Structure formats: structure tokens, C-alpha cells
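Heads up, there are several structures right after this.
Paired with chain B in one complex and with chain C in the other, chain A is shared by the two complexes that follow.
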Partner chain A sequence: MKIVGVTACTVGIAHTYMAREKLISAAENLGMEAHVETQGSAGMENQLTEQHIKDADIVIIAADVAITGEDRFHGKAVVKVPTNTAIQTPESLLRTIQKKLQVAN
Partner chain B sequence: MNDLIKDNINLHADVKTRKEALYQMSVMLEKNDVISDKDAFYAAVLDREAIGPTGMENGIAIPHGESDVVKDAAIAVFKTNQDLKWDSLDGKPIKLIFMLVVPTQHRDVNHLKILSHLSAALTHKDVQQQLLTENNVTDFKKILEKSGGM
Partner chain C sequence: MYRDIFKIDNLKRHFLSGLSYMIPLIIMSGFCTAIARIIGGTDIKGSFSYYLLAAGNDGFTIMIAVLAAGIGYSIAGKSAIAPGLLGGYLSTVVNASFLGGIIVGITSGMLVLWCNSWKLPKSVKSMVPLVIIPLLGGILETVLVMYVIGPPLAALTGAAVKFFMGMNHASRFVLGFLLGSMTGFDMGGPVNKISFAIVTAFASSGVWGPAAGKNVAAMAPPLGIAFSVLLFSPHKYTQADRENAKAAIIMSMCQVTEGALPFAFEDPVRVVPAVVLGSGIADGLILSWGVTVPLLSGGIFTIPVASNPFLYLAALLIGACITGVTLSLIKPKIKESSKEEEVHDDLDIDINID
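Our next item is the complex of A and B:
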């Protein structure tokens, strides 16, 4: 499964970056490919490319606030969760999404 | 090395509650001239606490405050002598607190990046374990530096 993600939280200091780290570690553990963009106090980092988005099977938006550039994902399957879900149970989140995608296809 | 902790660290903090820890950390930050008003900063930290849990996993919490009484971005660290009741993701009590101190104005993007790298580094279990068992300030900072957290 190829994943692109965006993380953002209220103050933009801690949870945004923890959620990214957890999603990437979980994806690696499960043999998936993940590119995750952070929208925090330091601005937008690890920005997703058009190619990343085009290749992705799923878009995960782990955010507690509205994100910038959601229109980039038009036509893609998008899953939205709070940052805490990505931080606390990243592997089960990815596994659940994978199962749902398999059923859908 | 970008040491944003400097002297704002106490690995044997004698505090008994979450609020006492947050307040004593604010006192330390004012004493070390990182913030100009401990009460205003403490209020900003409590405002953030009210939004949702800052207790993460395995006894580590990351409270944070954003305020115009902050002179420059900093990190304050308390390791407490006893476990503290704290709303956390895994329901465990808190023993190690990283307080992220953020100015409202004159933000240095590089400093904000250090805070974000620390947050990311603290999600790794091996880093958590090393920090929880290290009681020497110099070695504690070395662990952070090595893990990309500073």
C-alpha cells in the first residue's frame, strides 16, 4: 500500500510531528510506502509532490485543524483522523485502511 | 549543538501533581530569564492543556505554551521523583516532562524545527527508555542529540 499523509495540530508544535513520525514508522514496519507532509508552526515541511499523490492508494489526513491544500486530493480515497489516532494506534489504523481497500477493490 | 534546554532541566524534581510540575517549570523558566512572566506563561500552558491530553506514551508528557511573555524558544525538562497523574494516550502516569516554550512574536523557524524534531524523536521507544533511565544532565542531553532531538 502506498500512502500519502498530512498532519496538523492546534499549536503546530508537538502532535503534528509525532503523528508524522508514527505513521512513517508504522508504514515501514508493515512494508508500506509513506510520504507525510507536516503543516505546523515551522510552515509546510516534507511537502508532497504531485507524483506522490498520483501514486498513492490512500490519503491520510491526521489533523485536529483544517489543513491547507486539501483540493490536491480530489478524486482520491481520503481517511481523516485526529492526530492522537495516528500517534496512539498507527499500525492498526494502517491495517484497517488496507483491509477496507482490499474489500473495495 | 543547538541546546534549547540550557539550564532549564531538573532530573530530580520534587513535585506531586501535574499542575505543580507545570507551575514549577514556569518558575524555573522565569528565573533563567527565558520568560518574563511565570503566571502569564503558566496560564498559556493550562489553556493548551484544556484542549486535549499532552501525556503521550510510556510516562512522557509534552505540555506546551505559546505566549508573548516568551523571549525565545526553549525546552524545559523535569524528571519527577514520583509518578504524576496525567491524562495520557496509554493511560500511564507521567514521569518525564518536556515543556515546549514558544514565543508568539519574533519566531526563529530553526528553533521551531528543533522543537518539532524533539517531538518526533520522543515517539521512539528506545529513546524513551534511555531518557527515562538517565539521571545525568550531560548524558541526558547527549541522548537527545544522538536521536536527532536537538
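Our next item is the complex of A and C:
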């Protein structure tokens, strides 16, 4: 499964980056490919490329606030969760998505 | 369409978005006023500190406007910013302050959603964001703030401030304990931000005691945990904990409560109560002692501008020690198998395609 994600939290200094790390390491553990963009107080970092988005099977938006550039994901399968879900249960999140996508296909 | 806005999760997200736009403004304004006071000579017209203080105060004047614009933006995107800013500013002018700002933010978002939902020919459609929304937005927010929500909310704000000012020591301690424990509870998460919102509401009405309490309550958790890890019971922690604890001290100095999070995630059942207790007591002491700080954030940089720096620092250390001692007492002996995520595949999530 190929994943793109965007993380953003209220203040944008801690949860945003923790969520990114957790998502990426969980994806690695499960043999998935993940590109995750952070929208913290430092602005957009690790920005997703069009190619990443085009290739992705799923878009994970792990955010407690409104993110910028959501229109990029038009037509893609999108999951929205709070940052805490990505931080505390990253592997469960990815597995749940995988299961749901399989059912849908 | 509108019902979605008022679902609790969405409402929270819109509000937190607004807050996230406002927080840097508050911090910036706080620094301007603090540095001006540290330099001194703020009453000499034309001096640098005079201008800096004025700039900081202007920043506080527009913070509700930014909050409202942020809420509107979160609901309906760019077009909601203009009516949100105007309504939020008006709300400040008539003293409807925080609550008023939230309401105008939501209404500006709803207005934009409504206008965008009209079925119009393409040629006219482009007029909506540039003519129709500004026209209706200006009128709607003016009428709303001046005639509908302004007068009752101004009265409510006034009453809340008067109530706080009239509280005795004991009830101030209770209020402080509640605000402080909320600040500590999720270490920078949504509950923390609710308490932050209440404190900001007081501050925008010129009451700065809760701000002082909030600052110590936010600084105490990482510091208290660091005390427990490095001083009170080092043998109960791992090497990784000790590294985290050193970082937590720096985070505490900068008032980043999130410094406590690595510990809270690992052992929420013990860390959260310890933190809530310490932060609550620190905040309660500040309010009952009557210490004020004209800053909503800023870590140790707020100490010089506290009305009583000694008591301010004392409350912080007492709160941190309570957290540290409590945690050291209830922490079990170290177990090497650290807690792993229990992986399962039936989280309650929805996948949407649009």
C-alpha cells in the first residue's frame, strides 16, 4: 500500500512531527511506502509531490486543525483522524485502512 | 451542510484552527509588551519602548479578529476571512470579546457556504467572492455584532470579570485549580486549549491573574517530570527517559507543555494524575496569591514582568515538585518490556472519496 499523509496540530510544534514519525515508522514495519507532509508552525515541510499523490492508494490527514491544500487530494480516498490516533495507534490505523480498502475493492 | 459545522468534532476543529492562527499573534504581542516593560520608559512618548508597548497592545486588540477569521477560514476557506476579521474586530470594540469572536467566525463561514451553494450561471459565479460575499458579509457582521450578540455578550463578559474580581481567596484557588488541571491534563491538547481560551477571555478583558496561573501550570508538567526522573527516583527510569527529561527541562523553560508527552504516552495512568495535581495546585496558588503576568505565554521570559516574580517562581517550583514527588511515589520499579501498541485492524474510521 502506498500512503501519502498530512499532519497538523494546534500549535504546530510537537504532535505534528510526532504523528509524521509514527506514521512513517509504522508504514516501514508493515512494508508500506509512506510520504508524510507536516504543516506545523514552521509551515509546510516535506511537501508532497504530485507524483506521490498520484501514486498513493490512500491519503491520511492526521490533523486537529484545518490543513492547507486539501484540494490536491480531489478524487482520492481520504481518511481524516486526529493527530492522537496517528501517534498512539499508527499500526492499527494503517491496518484498518488496508482492511477497509480491500473490502471496498 | 450547516449541520456538519455544529458536529462536536468539526466544531472543535474549527475552533482549534482559529486558535492556532491566533496563538502566534498572542505570543508576539506578549513579547512586544514584555520587552517594552523590561526596557522601561514606556510612558515617554516617542521612545522605542513606548511604540513597542503600543504595538503589543494593538496586537491584543486584533487577536479576536484573527480568531474569528481563522474559524471562518476553517469552515469555508478564503472568502470567510474578510467578514471574520471585521466581525471579530467589531466584537472586540463592543467588548463582546471571545464568545463574540467565535460566533462571528462561525457565521462568516456559514455565510460563505450559503453564497457558494447558490445555483448561478458561470459568468455571474465569479462575482460571488468579490462582490456578493463582501457586501453581505459587511452588513451581516455589523448587524450581528452591534444589535444581536454585542450587547448581551458585553454584559456577560463584564459580569464574568466582576465575578472574578469579587472572588475570595478560597474560591480563586478552586478556579485556579480547575484551570490549571485542565492546562496540565492533556499537555498541550484540546482540553489544554479550552482552558487557554477561558484564560484568553479574561486577558482580553484586562484580567491577567489567570494568565499567570496558566503560564506556571503549562511550565510545571515537564519540569516536574524531569525532577522525578533526574532527582527524586532516577532508578525507576530508563536511559531514554533521562534523555527525554533533559529535553523536558528546556521545553519547560520555553513553556512547551508538550515536553511531558513522551512520558504521558508511555504511562498515562500515572503521569496524567501527577501532572494534573501539580499544575492545578500551582495555578490555584497563583490566583489566590493574586500574582499577575501581562503575557499569555513566554516561559521563563515572563518571570521578570510578573507582578511578584518571587511568588510566581515559587508557585512554579511547588507545582513541579508536587508532580515530581507524586510521580516518583506511584511509579513502579522499572520493567524492561516497555508498553507496545496493541495492533488491531478495526479502528473506527471512515474513508471518503470526493
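Convention: the second predicted complex is superposed on the first by the 105 of 105 C-alpha atoms of A that agree within 3 Å, B and C clash if a C-alpha of one lies under 4 Å from a C-alpha of the other, contacts with A are read in each partner's own complex, and residues count from 1 in each chain.
The working rule: a residue touches a chain if its C-beta (ideal position, glycine included) is under 8 Å from a C-beta of that chain, and two chains touch if they have at least 3 such contacts.
These figures come from a predicted structure and were not determined experimentally.
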item: Superposed partners chain B and chain C on chain A - clash or fit; value: clash
item: Contacts of A:Ala66 with chain B and chain C, given as first, second, both or neither; value: second
item: Which of chain B and chain C A:Ile87 touches, first, second, both or neither; value: both
item: Chain B versus chain C as contact partner of A:Tyr17, first or second or both or neither; value: first
item: Chain B or chain C, by number of chain A residues touched; value: C
item: Touching partner for A:Ala42 - first (chain B), second (chain C), both, neither; value: first
item: Which superposed partner A:Arg95 touches (first chain B, second chain C, both, neither); value: second
item: Which superposed partner A:Ser25 touches (first chain B, second chain C, both, neither); value: first
item: First, second, both or neither for A:Val79, with chain B first and chain C second; value: second
item: Of the stretches 183-191, 201-209 or 345-353 belonging to chain C, the one that collides with chain B; value: 183-191
item: Shared chain A contacts, counted only where both chain B and chain C touch the same residue; value: 10-11, 13-15, 18, 41, 64, 84, 87-88
item: Chain A contact footprint on chain B (complex, rising order); value: 48, 51-54, 56-57, 62, 64, 66, 89-90, 100, 102, 107, 109, 112-113, 115-117, 119-124
item: Contact footprint of chain C on chain A as seen in their complex; value: 10-15, 18, 41, 58, 63-66, 74-81, 84-85, 87-93, 95-101, 104
item: For the chain A and chain B complex, residues of the former touching the latter; value: 10-11, 13-18, 20-22, 25, 38, 40-43, 45, 64, 84, 87-88
item: Chain A partner contacts - residues on chain C that touch it in the complex; value: 13-14, 16-17, 19-20, 23-24, 73-74, 188-190, 193, 256, 258, 261, 265, 341-347, 349-354
